[in-house]
Amino acid sequence: MKKLINAPDDVVAEALAGMALAHADLIRVQPDPLVIVRADAPIANKVGIISGGGSGHEPMHGGFVGRGMLDAACPGHIFTSPVPDQMLAATRAVDAGRGVLQIVKNYTGDVMNFEMAAELAAAEGIEVATVITNDDVAVENSTWTAGRRGVGLTVLLEKIVGAAAEAGADLATLTALAQRVNAEGRSMGMALTSCTVPNVGRPGFDLPEGEIELGIGIHGEPGRYRVALAPAAEIAAMLVAPILEDLPFQRGDQVLAFVNGMGGTPLIELYLMYRELHKLLAARGIHIRRQLIGNYITSLDMAGCSFTLLRLDDHLTQLWDAPVLTPALRWGH
Amino acid sequence: MKKLINAPDDVVAEALAGMALAHADLIRVQPDPLVIVRADAPIANKVGIISGGGSGHEPMHGGFVGRGMLDAACPGHIFTSPVPDQMLAATRAVDAGRGVLQIVKNYTGDVMNFEMAAELAAAEGIEVATVITNDDVAVENSTWTAGRRGVGLTVLLEKIVGAAAEAGADLATLTALAQRVNAEGRSMGMALTSCTVPNVGRPGFDLPEGEIELGIGIHGEPGRYRVALAPAAEIAAMLVAPILEDLPFQRGDQVLAFVNGMGGTPLIELYLMYRELHKLLAARGIHIRRQLIGNYITSLDMAGCSFTLLRLDDHLTQLWDAPVLTPALRWGH
Amino acid sequence: MHITADRIIAFVERVATSIKAERDYLTQLDAAIGDADHGLNLDRGFSVVLTKLPTVADKDIGTILKAVGTTLVSTVGGASGPLYGTAFLRAGMVIGDRQTIGAINLIGAFEAALEGIQSRGKSGRGEKTMIDAIAPGIEAFKAAHFRGIDLLEALEEGLVACEAGMQATIPMLATKGRASYLGERSIGHQDPGATSAYLMAKALVETVRM
Amino acid sequence: MHITADRIIAFVERVATSIKAERDYLTQLDAAIGDADHGLNLDRGFSVVLTKLPTVADKDIGTILKAVGTTLVSTVGGASGPLYGTAFLRAGMVIGDRQTIGAINLIGAFEAALEGIQSRGKSGRGEKTMIDAIAPGIEAFKAAHFRGIDLLEALEEGLVACEAGMQATIPMLATKGRASYLGERSIGHQDPGATSAYLMAKALVETVRM
């Protein structure tokens, strides 16, 4: 394992210390329980928006804390859900009396830990609502399974809901908005290589030179299918097809297209994939109204990418365009 | 080789097509000769700022074209200097009568190709000035060599000079400013792994599990020294020491600290390295006034990082803070 | 035969030791069908539990188990944190302020723990989780007890069933937890949670046997 | 013995063929001490040159060589593009509108080309570049010619010196081009540019020999 780290156990704490030093104008990092909080939290008269999950997905979620997006993020150990103490501390830190919305990616661990935190917060008299993202079309959605994973859409949802919260929306409105965004978006990812968890020291799975994993999540877990390495155009088609079918997206739809890198794939390849995505959507009469391209929800050093499509209307587009000022996303100020 | 590409020969053109589709509001891509031009170029009454170099360093330089930074960028083939035709086309596209400044990284090929372009532009009556960046302390600066390479400082210089150009400075002033920035900054980089040029298909050099290259450039070339893999704190010290000595930076200096990823290293490690850098500078009484952390001048999928320090005064700080609106850097609008 | 509070402390210590010893094995099992952290998660939690045990060393069994549960909830994270945390909490609540417990109390505690896991995890048997080791273990223990067998022997019968349950997860298709994302590819691998549950059961039997 | 314009065309075609055949070898040499693109760069350039040749097939030698030079400048990039481009341009300028050339013209063309490379590259002998193959080659050719030897034989003597010059780059410490960044680590590797220069010289000799 070759990484720019000291001891594997200290990676998360040291990286967060670096973040805190770098972005003291935007965020502060509270230790024990570990929480990344917007520097000026709580914001009077604003619903608090919190999220969290295992670390190793940087910049998500800590990089999205700031004006117009999250009020706090709870970073777990690498690929491990945070514990309820963290979400409770985050909730307390951001609550301004109008309640707190938890944005939770659908993983058993995340869901249960946030659920326990919500019970504890409720016992303290803080109004908490929860929205679970489950946009990953690689996983069949059945009442007999843990359901679909929350992946790329989470980034877009946090931006959009964060903008609405900044504009003063109440908890019920924000919850409904988040549910709507979740309903209107779908994702699918692939890996060229596995990733290496520092504490494990070797890649999570072996992926021979000529093979790729299709339908991966964001935790270095193997995907749904292993297929032969193919040209970018074919890989793009394999990612897009199940996304379009699932919602389904239709001719005339306007979308936000998000090409996300898994951490080890350089930008030049992501732009190349964006071109493929654009071609495939154009051929189906789907119009890309907004786009996001880059490493935003990653799996450590995994090489690969994911596509997320979110159907846009004017309202969602305005919320997407609204100013945001966080370590990882900033525009409009 | 596992990459999200179609044919190796088409990588640059296809990625640029993706960029053009994604950022049509900011840039346009002119084919044959290939040039990325600010969408609204030429800007009346503004000195044109152009740069360029081999591709494979994304987002540099194309990602820095836009308001407050570059007017045009000339992308060569991967790791290969662009040809004079491109710089000439860029110069023509951005010249608004007040001349054009070429920002050139010090590589023999880049220098010669820009030089030929400048001769051709001069023959057409366009006033052209050239500034060469050579901030890499890994290479000894001697009149007997090709001199130091231009690396990370180029990003900061393009931002600062771009801001001054946007504010209306003339060509002589901008040239002097660029020379000053170049004089006040130093960089040093390291690699955990080599990178793979698509047309070559295998890593440029072998780097065994327990070894790293110190003093690398940005073209997948081996570094100056090969040393044993070490904890982040030690690697940071190895990068900082030669930078500080060389300028030299002194107690009380204020700096812009730039932790750059080489393309395959995830953000979590870059923030961790930023913490190490911060500690080392604090111990020397050097104050980080501004920072930039992320993948900005990369070597395809190489894992590793570089540090750049630029001594700041109020004037440079203001220019750094000035609004910028490009695909890769945006703030203040 | 009765189990005293200091036996319970010894049991928890033995679990911590066993989890640490099998940390990499558990993580390896999780790498195959999960995210390669199960051993790390539990070891992190039980290491903190060890530092907390002295504060409850002279307390009743319910207090000890609840302290373990809260500590696991606060330190493990992932799916196994809330699940094992809830299990120990519920067991502690059922046992209350007793200083010694017998087979009947154990059955009550086990069943409360299992129910806690099932309601927190919204899961049942046959989904390739820790439940598939725990539930048959409890059933066998209970059956043996009601056949009139001695506590240790009954626990040993429970352990055999628990181990069989753990092994029976290998051919199962996962429908809960991360492994469920793999669909058919989850088949052929032993569930890490079922394995850690078996390690805990083994630690209990060994403690009682001593 | 004289060289006609169509022999020059044949020479350029032979260079293109040879560069394509040795593309990976040149790139491999460049990987060791540069950035692994020298073969790719030249092959890209000479492939375009081949498509341009028909437009100058019936022209004088100067026009042919200048067309090669401009095309190389516009397509090769890197360090070798301006250097070889300038070399062909300068050679073409010296030769002008001749339809046939002899040894004396060749010497003039070679020297103009070398001077073009040196002034564009701000470089001289002993810096581990293409110059270390080209300069001794020209010297040997010139010396042989002034000893009164026939053109082909003189060129062959030049080629031998050129090859020796290429090999002499192996122990050199690079002080120009990318290899110079490696410092001491540049020692022990043959310079890619010296190698491509040798391939061009070889192509010339083979064309004249035919």
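Should a chain be cited, it is by its letter among A, B, C and D, assigned in written order, with residues numbered from 1 in that chain.
Basically, contacts are C-beta pairs under 8 Å (C-beta built on N, C-alpha and C of every residue); 3 or more make two chains touch, one makes a residue touch a chain.
Everything numeric here is computed off the predicted structure, so don't read it as measured data.
*Asks:* Counting only C-alpha atoms to place each centre, which chain is farthest from chain A?
*Replies:* D
*Asks:* So the centre of each chain is just the mean of its C-alpha atoms; given that, what is the distance between chain C and chain D in Å?
*Replies:* Going by mean C-alpha positions, chain C sits 76 Å from chain D.
*Asks:* What is the distance, in whole Å, between the centres of chain B and chain C, each centre taken as the mean of its C-alpha atoms?
*Replies:* Here the centre of chain C sits 55 Å away from the centre of chain B.
*Asks:* Let me have the rounded angstrom distance from the C-alpha centre of chain A over to the C-alpha centre of chain C, please.
*Replies:* 32
*Asks:* Between chain A and chain B, tell me the centre distance in angstrom, where each centre is the average of that chain's C-alpha atoms.
*Replies:* 29
*Asks:* Taking each residue of chain C in turn, which ones touch at least two of the other chains?
*Replies:* none
*Asks:* Multi-chain contacts in chain B: which residues touch at least two other chains?
*Replies:* none
*Asks:* Considering only which chains touch which, how would you classify the arrangement: line, ring, star, complete or other?
*Replies:* Line.
*Asks:* Give every touching pair of chains, nothing left out.
*Replies:* A-B, A-C, B-D
*Asks:* Which of the residues in chain D come into contact with chain B in the complex?
*Replies:* Where chain D meets chain B, its residues are 27, 31, 33-37, 40-41, 44, 73-83, 120-121, 175-178, 180-183, 185.
*Asks:* Would you pull the chain B residues touching chain D in the complex into a rising list?
*Replies:* 33, 54, 76-85, 107-109, 112-113, 115-116, 138-140, 144-146, 149, 197, 199-200, 204-205, 217, 219-222, 224
*Asks:* What part of chain A is in contact with chain B in the complex they form?
*Replies:* Against chain B, the touching part of chain A is residues 1-7, 11-12, 14-19, 21-22, 55-56, 58-59, 63, 192-193, 209, 212, 229, 231-233, 235, 263-276, 278, 288, 291, 293, 295, 298, 300-301, 303-305, 330-333.
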